[in-house]
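Chains: A, B, C and D, in written order; residue numbering restarts at 1 for each.
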């Protein structure tokens, strides 16, 4: 896995400069709880060759809000929605409630709870 | 479409694929993964099977004099066979038979007692440890 | 003004065996808007994997995410773990794993085909394919000892060896299956009512397939060359005669053709695997605790399956991320539904082969 | 005899439906349900609690069954064929109104489709009645059944009726009005308990109506009639097991392109000969 660091300000620019839907296959958005911070990963793979998976990642505080990449990758709303539900992070324009309901346990995968 | 129609007619004369299941038994292949069987004569009480079991279907309860009792819950068991592979005395002490586990209905509540037993077993281990520690001290 | 009727499709519906809800806005039975709602059966398996079970027990846990792709889930997990703790699996175990994955692909594709037929109102074909599918189920039962939950792979190899008797049985059964598949192929190709139902219905272009990240047979039917089997060299797929199967039409008919041709090619691959299974151990000893990150991908019957693991030198893993094929396929599905007739919806939906127990794991 | 047939038509329909299910299962190489399964279903439905939307819905459902039964009774007593066809039309219209009277989208779509199917088959039934008038000189069923077999003079009309059979019996390829995978049964979806049983029985009574029309082609020759009925019964089941469901717009087009044209040709032939 090739990891490339980015941050919440540059995220959209980096992804839009990098992502071309004809070459790259977007895998998913993944969240990892680092204990006091969150790591959000955006995973890609090139079509039709055997190179390794490319991962753009950023670290963020729990309370901060990061931009959404739906405008660049239209199918990313599912992956982002899952991260929002499971970790309780905030992503712009991505509402809660894709997988969990209002009355279910909030942010189940976060470590602090 | 014509061939399918002729097939439908010819199927009328053929034997059905399905069988009247509970009345006519189905044939199981060799080495079918069934229930777990235990023989306490050969067991060395290493607890390895208990540790590897994913659904905690094997529990050893310990008594104050140190001897253990094997408990097995067929309704919780997923027949994965991890316990058999972990067992140092496979075949003698613990083995998997080809017998199919029976289904249970929720009215029987097969697992309710089991969860109580699970707690008791945990408690019994701690009690035994405490007794052992007390003996060492004295 | 045309009247708009909102038709809920699911989460409890006769043609939809999965807990997902599609809300169709229709005008004269033509669909003008679609909303998808997933997450009816979220079971928190990712949470359970990081809080209840140790990493050696997880292959049995993730296998229960889904019954149809049981082997692919545990296998992908196992591949990811083996990368972290540096276990080299023997060639023989790799061959046996490939064998099981291909068998799994055959039976899953057959199930999907039968559902496509049933949801197009062709009950007899459904029964026929289901009856033929029993051959594969019997093979799987003979190899692993169970019909659905194989628990065949474990960290470091596979659990059961294959005997000459079973090899003979598999080859005999596959020879029996091949003409039956060709027969079904003929039905899908030439039946008058099915061609009305399938040809040109539910089509997606190659462009849209790659914009919306379609996967597996859905993408390959539109001509998008994506197949994990060709994109990784973990398994020697070239050696056993793997060919990527592509169709250009992108409609239900194309998807059915992709599935049928993949079944035929899988049968050939299985025969090749059985011919040259190398000698060796089936299982390696595993020591140590996972430390670090790893990802693993595998081509499940429905498309790419993806696992991300993170371990911190403990018996319990820090993070297990499962990405299932249907989960990433939903945007493409929603796109396809727009502009279709409501009468075609069940067949289109079945041809996606959706697996919601995977999606809401 | 007529009394007996008319009174027990629903029971015969249920029995035929049981045979139908066994035959269909055997054609798919399944064991299938026992012969008496529709009766068991009926007893089970009696136990269920009816949860009905409103009274009009109930009334329309019961009226559907009564009108259908009346049309069969008319048939058994040798009544006027046009009256029979229009009483049957009335019963279908009751069902369609019942479908529109509730707010379920499935029920509405089912009623829409039922109406379209009605447009497809009703003209052909009337053309068939005209055909009988031209060959036998009367619309009375009693006259038609005492004449020589009508199938000899209008075989094309019989083929047209054969094409209609799957449509009336809700079998593929023409089962779009019911389409349980799309509409969960269409118009009948909001019925429950005893009132669903009424709809269920009327569905099976319809089988008797349809095969009675087939029987009509044999005229006075009862043996030929039995052969025609069993032959068409097996043929319809075989076609059901060899085709998928086609869409409602295709259905209307195909029925007009085949059955309607055949019926017109048959009429032309009769008047020419």
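Before moving on, here are some points about what is shown:
FYI, a contact is a pair of C-beta atoms (placed from the backbone, for glycine too) under 8 Å apart; a residue touches a chain by one contact, two chains touch by 3 or more.
The shown structure was predicted, so the numbers you read here are calculated from the model rather than taken from an experiment.
By number of C-beta pairs in contact, B-C leads over the other of B-D and B-C. One inter-chain figure worth recording: chain B and chain D are separated by 55 Å, centre to centre, where each centre is the mean of the chain's CA atoms. Chain B and chain C, compared by their mean Cα positions, are separated by 29 Å. We define each chain's centre as the mean of its Cα atoms; on that basis chain A and chain B are separated by 41 Å.
Centre-to-centre separation of chain A and chain C, using mean CA positions: 25 Å. Across the assembly, chain D contributes residues 27-30, 241-243 that each touch 2 or more other chains. In chain A, no residue reaches two or more other chains under the touch definition.
Each of residues 124, 131, 191-193 in chain C touches at least two other chains. Counting only pairs that meet the touch rule, the chains in contact are A-C, B-C, B-D, C-D.
Interface residues of chain D facing chain C in the complex, by the touch rule stated above, are 27-30, 105-106, 108-109, 112, 172-173, 175-176, 179-182, 184, 240-250. Chain contact summary for the complex, chain B toward chain C: residues 1, 3-4, 8, 17, 28-33, 52, 54, 78-82, 85. For chain B in complex with chain D, the touching residues are 1, 4-5, 7-9, 11-12, 14-20. Of all residues in chain C, those touching chain A in their complex are 38-39, 42, 44, 46-47, 50, 210-213, 224-226, 230-233, 293-295, 297, 304, 306, 308, 310, 318-319, 321, 323, 327-328, 330-332, 360. Chain C meets chain B in the complex at residues 53, 56-57, 60-61, 64, 124, 131, 134, 138, 141-142, 144-146, 149, 151, 154, 159-160, 186-187, 190-193.
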